[in-house]
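We call the chains A, B, C and D, going by the order they appear; numbering starts again at 1 in every chain.
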Amino acid sequence: MPVLNGKELRIVGFLCNWCSYGGADTAGTARAGQPTDLRIIRVPCSGRIDPLFIVKALLNGADGVLVSGCHPRDCHYAAGNFYARRRLEVLKQFLPVLGIDDRRFEYTWVSASEGQRWQHVVQTFTKRIHDLGPAPKLEDPEPLLKVVDMALTSLRPLGTGQKNKLDELKAAIKAKLPELELVIGWQQGYDAARTVPLFMRTPEDVDKLVWGPFNVNNPAVYLPQYKGKKVGIVVKGCDAKSVVELLQENLINREDVTIFAMPCEGTLDMARVNQELGRYTTIDKVEYDEAGVTITADGKEHRFCMNDYAQGKCYGCTMPTAVISDTLIGTPTEVKPGPYTPPELALLDSMSLDERLAFWRGQMERCIRCYACRNACPMCVCRDYCIAESREPHWISQDDSTRDKLFFQTIHAMHLAGRCTGCGECQRACPVGIPILALRQQIARAVGQLFDGYKSGVDPEAVPPLLGYEVEEKNIHEREWK
Amino acid sequence: MRIGVFICHCGSNIAGTVDCAKVAENARMFPDVVLAQDIMYTCAEPGQAAIEAAIHEHKLDGVVVASCSPRIHEPTFRRTVERAGLNRYMFEMANIREHVSWIGKDKEANTNKATELVQIAVAKLRNDKPLKAKSFDVNKRVLIIGAGVAGIQAALDCAEGGIQVVLVEREATIGGKMAKLDKTFPTVDCSACILGPKMVDVAQHPNITLYAKSEVEDISGYVGNFSIKIRKRATYVDWDKCTGCGACTEKCPAKKTPDAFNELVGPTTAINIAFPQAIPKKAVINPEYCRQLTKGKCGVCAKVCPTGAINYEQQDEVITEEVGCIVAATGYDLMDWTVYEEYGGGRYPDVVTSLQYERLLSASGPTEGHIKRPSDGKEPKNIVFIQCVGSRDRSIGRPYCSGFCCMYTAKQAILTKDHIPDSKSYVFYMDIRANGKIYDEFTRRAMEEYGTEYIRGRVSKIYPDGEGHLIVRGVDTLLGEGVEVKADLVVLAVGVEAAKGSPHLAEKLRISYDSYGFFLESHVKLKPVETNTAGVYLAGVCQGVKDIPASVAQGSAAAAKVLGLFSRDKLENDPQIASVDMKRCVDCGKCIRCCPFGAIKEVEFRGKMYAQVIETVCQGCGLCTSTCPQGAIQLSHATDNQILAEVNTLCQC
Amino acid sequence: MKIAYYPGCSATGSSADYEKSTQAVCAALGMQMEEIRGWSCCGSTPAHAVDTQLSGALSARNLDLAARQKADMVLTPCPSCLSNLRHAAKRLENPEFRAGVNELLDEPLSEKLPEALSVMQGIARAYDTDAIAARVRKPLAGLKLAAYYGCLMSRPHEVMDFGDPENPTLMESLLTACGAEMVDFPLKTECCGASYGIPERAMTARLTGRILHLATMLGVDAVVVACPLCQMNLDLRQQQAAKEAGVAFSMPVLYYTQLMGIAFGLAPSALGLDKLCVSADSLLRKLDQPAAYSKAPEGDKA
Amino acid sequence: MSITRFVKPEGLPAFLAHLSKEARVLAPVVKPADKRSVVFEPWKEGKEFTLEKATVPAKAAVLPQCETLVSYRKVKDPANPQNVKLELDDTPQAETTVVFAARPCDARGYATLDRPYLQGPIADPYYKARREKLTVITLTCNSGCNTCFCHWVGGGPSSPEGSDILMTELKDGYILQGITPRGDALLEGSGLDDGADRFKEMEDVRKAAWGTLVKAPNLKDAQARVAAKFTDVDFWTRETDRCLSCGACTYFCPTCYCFNITDEGEATSEKGGRRLRSWDNCMSPLFTREASGHNTRMEKALRMRNRVSHKFSTYPENWGTFSCNGCGRCISNCPVSLDIRQIVLDAINADKAAK
């Protein structure tokens, strides 16, 4: 039953049963006139509203979504609206990166006695949505294929880490190996111009360990499956942040994990390296020097200087050395933090809302739902039961639609709110190179602004922001209904 | 699935601006709907009968009623479908009155909106599952916090009803504020005479375990199975041995101890019994003033005590009691009136509170009933009563009326005339609030028979005139001129606020409280003695200002609720609670961390760890369901699929 | 901490004694105060009744002049000036009001204006009780005094911020530091009739009579004031009050600065004691001080 | 002598335009990004295209990621809502399609899929409808690449299997050689110049391509060796330590053909419900999870064993040839560069090492 076209727009309301639904009743009892667009869905508590309901509505035809719960402190369940307030504010900051105008979503607090206030809220919000007009559909715009500008300046000198003492590291690992089931590191891949994760169980395995700009994988992704077993892991700075975040959520136990670390001087962006190498059959040799590597493939030489070919995250990296470690070989490098916007986020920032919608339509069309982005993510511990492929609950259909594919990316981004350490593995793993990191970077930026510069994966004791709340939020204030 | 849809006219409330027949017609096209009809009054007896008949005739296994707010009639219709043999949770409502017909006149838009609301109700219903309430046994014992008149009444009624009562009182004696009163309005009965017997009943009732000088330290558990930690404060007297003979009180050298029971009107001894009719009639030592406990040398009371009950090394003791439900009857305190500098801010001894005046009037008080001026002990001739000191005054954050001050001031004025026949009483008031049985007649007597001069106006300043009198300057708004009274004694009718520490106790009880500390009842009109937390009831002024008859009534009301709760051997929990699908849980612990009620625990099953919901503790807020990334924990009757069904019905582009 | 001084019109006229004793006491304490160059009237009572914008501009201009002299604080003896300066500062927080004032003045106000305080508050902030007691040469021991603040100095609380509006105690602490015994004077913030002394003489007489009567009943040696108008009503109109109250009064009414001056051992002439209608000789004799000249026609020969 | 035609590079767009008159032409299109990728997309007039090897094979031409098997609607009789009419529509949607510039390993994929989908006891009607309307123009490879190993498994840079036309790049243009009657018919109707005179040059170029390949190991007993390794779970565990069990290898593989069937949509809505067939991924635990939650292949090692054994032992057992075409996409697209070649070689050499 569609809305009365011409007269109404599709506005969905999520109201908590105890206060706001009661407030709407009070408005009704007082015969407080309101436009008819709003359709109210009753939920037990505003804490029950998963932000993904709102994204699902906005992506599938809703022109506006209004959420209302009890005033903070009045929640019938004590803390429901405290959690809701944080989640909904993060969602509101996240929507623009998708190309959805965040004015189309609003959350507020209305108590059961505030009938008049509810009338005012509905009238104001309905008028705002009518002013904005019907929401653009993801299929409307022509695909816009813009490319990330990787010409970046690094906060610290990038190099190939030739100075680190790999032998000392190997010795340290061999010493600890007997008491560990295995130690995870990197080894050379099927040719000299790439590395793959290495599982060291015997001293011979340890000899295969390599350290250098090709070490792109994040070994932390394997730790949750070994929870309860004694394992070791060799980490770069960004990998260590994933380990800390896993500790913060006790998905691994600190005493089970032995951490080996060395200062990292940056890693290569294999996408651009492979593109430069082009089609070749064999790698002849790879020479390392301080500033970069020279790869000779099928007799042809290719120069990869770190300043031009590093991964986006390495230019802005402020923690090249592991935040925590049991064995640190070499002296940690200090990086003075400076202004840095991740390249993917900079690209999105440079676009208007409509352009972003067109951009994501263009990008997500080629996604074939292989879920490498999810399985490469160290935080995705529930990958085997992911709601992207489940019927109980049934969030997404198996239909090959751009909207469902984009919806999965928002699921992943929202699930990472306040947890993503920016290791970039999701984007690196994407076989068709969709710049999905922009969505996670936008959420990380919003979380940073909302929670006093909170950074995930830095302090093992810190509680991830969306798993806690403050009664009085410093940076989240109720928006007036002008 | 076979769904029946019933569109209510609600007389003209809905039918006035919604074409109910059209909505029913549209509803027939919705999935699984086999019957859709409109009814004049669905909630009325014939309406409900029509639903029951339809369920039998069409073998329905789900019902949608489109009428008023589910907050009003969801329970009604659930019972209806249950009577017809259908599970009460295979039922959904669409609010087409408060949310549609009453808020707009556009019939076409309203009909379309009503249709859509019915459509999403049908969509949700198609995903609903029958739910069975689980039962759990009840510990038929009740904890009553606070032994004022309300607490005493609740305790006696529960005990009479055959229920074991654990009564906890923070002071050394029960009786609360009423025990401090000399007489009570409107009958001028002696307070101790009407309260005393009840206090004795409490002491002697076999079903009541009394913990005086004790406080509730911690409450855990849930309705039917609360576990309470009670801290018995050290009284330095072994109450089993003490007979209450009072020998120690006479001999105790620390004569300057402030007497809290007598509202600090007169001093008392470090070891004392609050008042003659105290229950339990046992001595208590005030550790801050007892010379033995402060300077380590005295021990007089230990020497004179015939039964050797004194024990200076006694420590606090924490006892755990298991109870099924709780009644909070923690009463009130007078607000700190010294914020009023204009009345001397507490610096003038002859400006006393009404409760202090009660102690002056009381025969068991420090002055044995002779009204004496605290400054020089003389008998006052001119006594001024000032009403609404710290009530109905927004400037100091006390906008509410405290309810019983007008009445006790009239009583005190009458008593003053009895005690001092040639005295003259003045009462500065704004409005006399006397709305009980023979209340107004009582205040009339104070004015006409006892010559009390009621001056309608507020007092702006009280100051000593240097000759031992207090100049009370105010205004008489009826005569429109300033008034000055040279008073010997000024009695302030000080406003009421929640007992000290109420907010802290509310947090332990997990009930909410308002900005003045009064506990929040479940519904101000219809459920005054219940709270939003199952198994926690309220009685007396802790819920809001009220006089003794109302407090006693609430005591009995709370007891009735307790007896109702315990009338069944087993309690049924609300089946709309969360449950974990072990197959999907990866034990990431997010739900355990965010549950406000600690209702989820980690369990081990075949070597792997999973989350599991404690069914009786879960309140059904659904926070865990929206926190679990993979939807392994679902709140029944509000599962992800049910809400998604509604969202997908609305947003299908 | 650079301090600017705003004397106010009465200082140069009717309350010259208050001005002299204030300067003397501040000098004795070593408090450098630089008079605001080119200060003007603060608008006193009538100005803001006529046009709040204009009266705001008057006081704002004075504050601005002080700001240009790099002053952090502006002290003024008179409560009425203090009230106007502080009310102006409060109203300037509202951007439209500030813009209006800027238009009225020759050039826009400087960003940050110094805080206006009474001299009494300035003294209390700069010197704690020990520092004042250290300066005392002639303790006021034996003197029983009643401090009278009048209605303006502590009200409204959110603007004046002068302690508890019903019960300010700053004068008590200063004079106790000088050795005097201060009684708890309940009518310390009652109205003295202020400028109604002219149109409603009888009412003012009744009001001042009540204050003087209570002071007399409390057996104080003098009533201490900090406001020129209160001093005038209590001192000058003592006979009218006596007629109205039907009781004879001879209650010296001194400025707190005069008493502090006495305690600091300054010469009576430097404190303008000769200006008092009700002579303070009895009080001085009590302190075995050389008698100040009585109100003899010879004027104030040293 | 097969029909041959020659076309200059500038003549390709016209050729495509000619083809797209009666058919949907799927051509490789570059998707610019930091990590550049090439995907097959319907070509329209004026659209840019490339002849590079596609990141995603053109399997979707015959086995789309998601297709509607059956669309169904329940129509209710307003008078009597109890009886409901069910409308079903299971006609396969197929469209004449030309895949332009596939590679021999892609084309060979079609041949690999044909066996189970067409030559089994029951032919899949949906697959059959699309396969019959498909014409494959394959561009032969002039050189191998680091992840290609088509020549290990019976293919080659110019293997004609599964193609209708083989196109080879010469110095100044492209020669198109008809392989199947459908290919010949298309060439004849294409209006291109004859290419017979360039035939010799074409063969030299193709032979040269073989020269660039790295020598292939002998995989003749790979089928037996891999089958023998079936019970050695440790072997598979060590081989798949680093596997993330995502779906990159299966979804990018031109010969993976497993699918999943789900119902979506609401029968009584106007759009009705649809029964969807979509690609399934045997590397994901969902592939073998039972309703009870039990999973026969809970560990990723067992899943990898299943994938490799299917391609190198069970499929050959049924159809006599490997079902892996050696296109190397499962290696180049794997987030941890897991190399199927390595696994097969390890399986073959494992016994030698043991002896």
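Everything below uses one rule, namely that a contact is a pair of C-beta atoms (placed from the backbone, for glycine too) under 8 Å apart; a residue touches a chain by one contact, two chains touch by 3 or more.
Bear in mind that the values here come from a model prediction, so they are computed numbers and not experimental data.
Most remote from chain A, judged by the distance between CA-atom centroids, is C.
Centroids of chain A and chain B (each the mean of its C-alpha atoms) stand 47 Å apart. The distance from the centre of chain A to the centre of chain D, with each centre set as the mean of the Cα atoms, comes to 32 Å. Computed centre separation for the pair chain B/chain D is 72 angstrom, with centres defined by C-alpha atoms.
Each chain gets one centre point, the mean of its Cα atoms, and the points for chain A and chain C are 67 Å apart.
Within chain B, the positions touching two or more other chains are listed as 583, 652. In chain A, the residues that touch at least two other chains are 384. Not a single residue position of chain C touches two or more of the other chains.
Chain pairs that touch, as defined above: A-B, A-D, B-C, B-D. Here chain C touches chain B in the complex through residues 164-167, 184, 186-187, 190, 214, 217-219, going by the rule given at the top. Residues 31-37, 39, 53, 55-56, 64-66, 143-147, 212-214, 238, 241-242, 244-248, 250-252, 260, 262, 264-265, 274, 276, 278-279, 281, 284-286, 331, 333, 335-339, 341-342 of chain D touch chain A in their complex. Chain B meets chain C in the complex at residues 341-342, 344-345, 347, 461, 463-467.
Those residues of chain B whose C-beta lies close enough to touch chain D in the complex are 25, 28-31, 33-36, 582-583, 652. By the touch rule above, chain B contacts chain A in their complex via residues 26, 69-71, 95, 97-100, 102-106, 108-110, 112-113, 115-117, 119-120, 510, 512, 532, 576, 581, 583-584, 586, 588-590, 593-594, 596-597, 619-623, 625-627, 629-632, 634-635, 638-641, 643-644, 646-648, 650-653.
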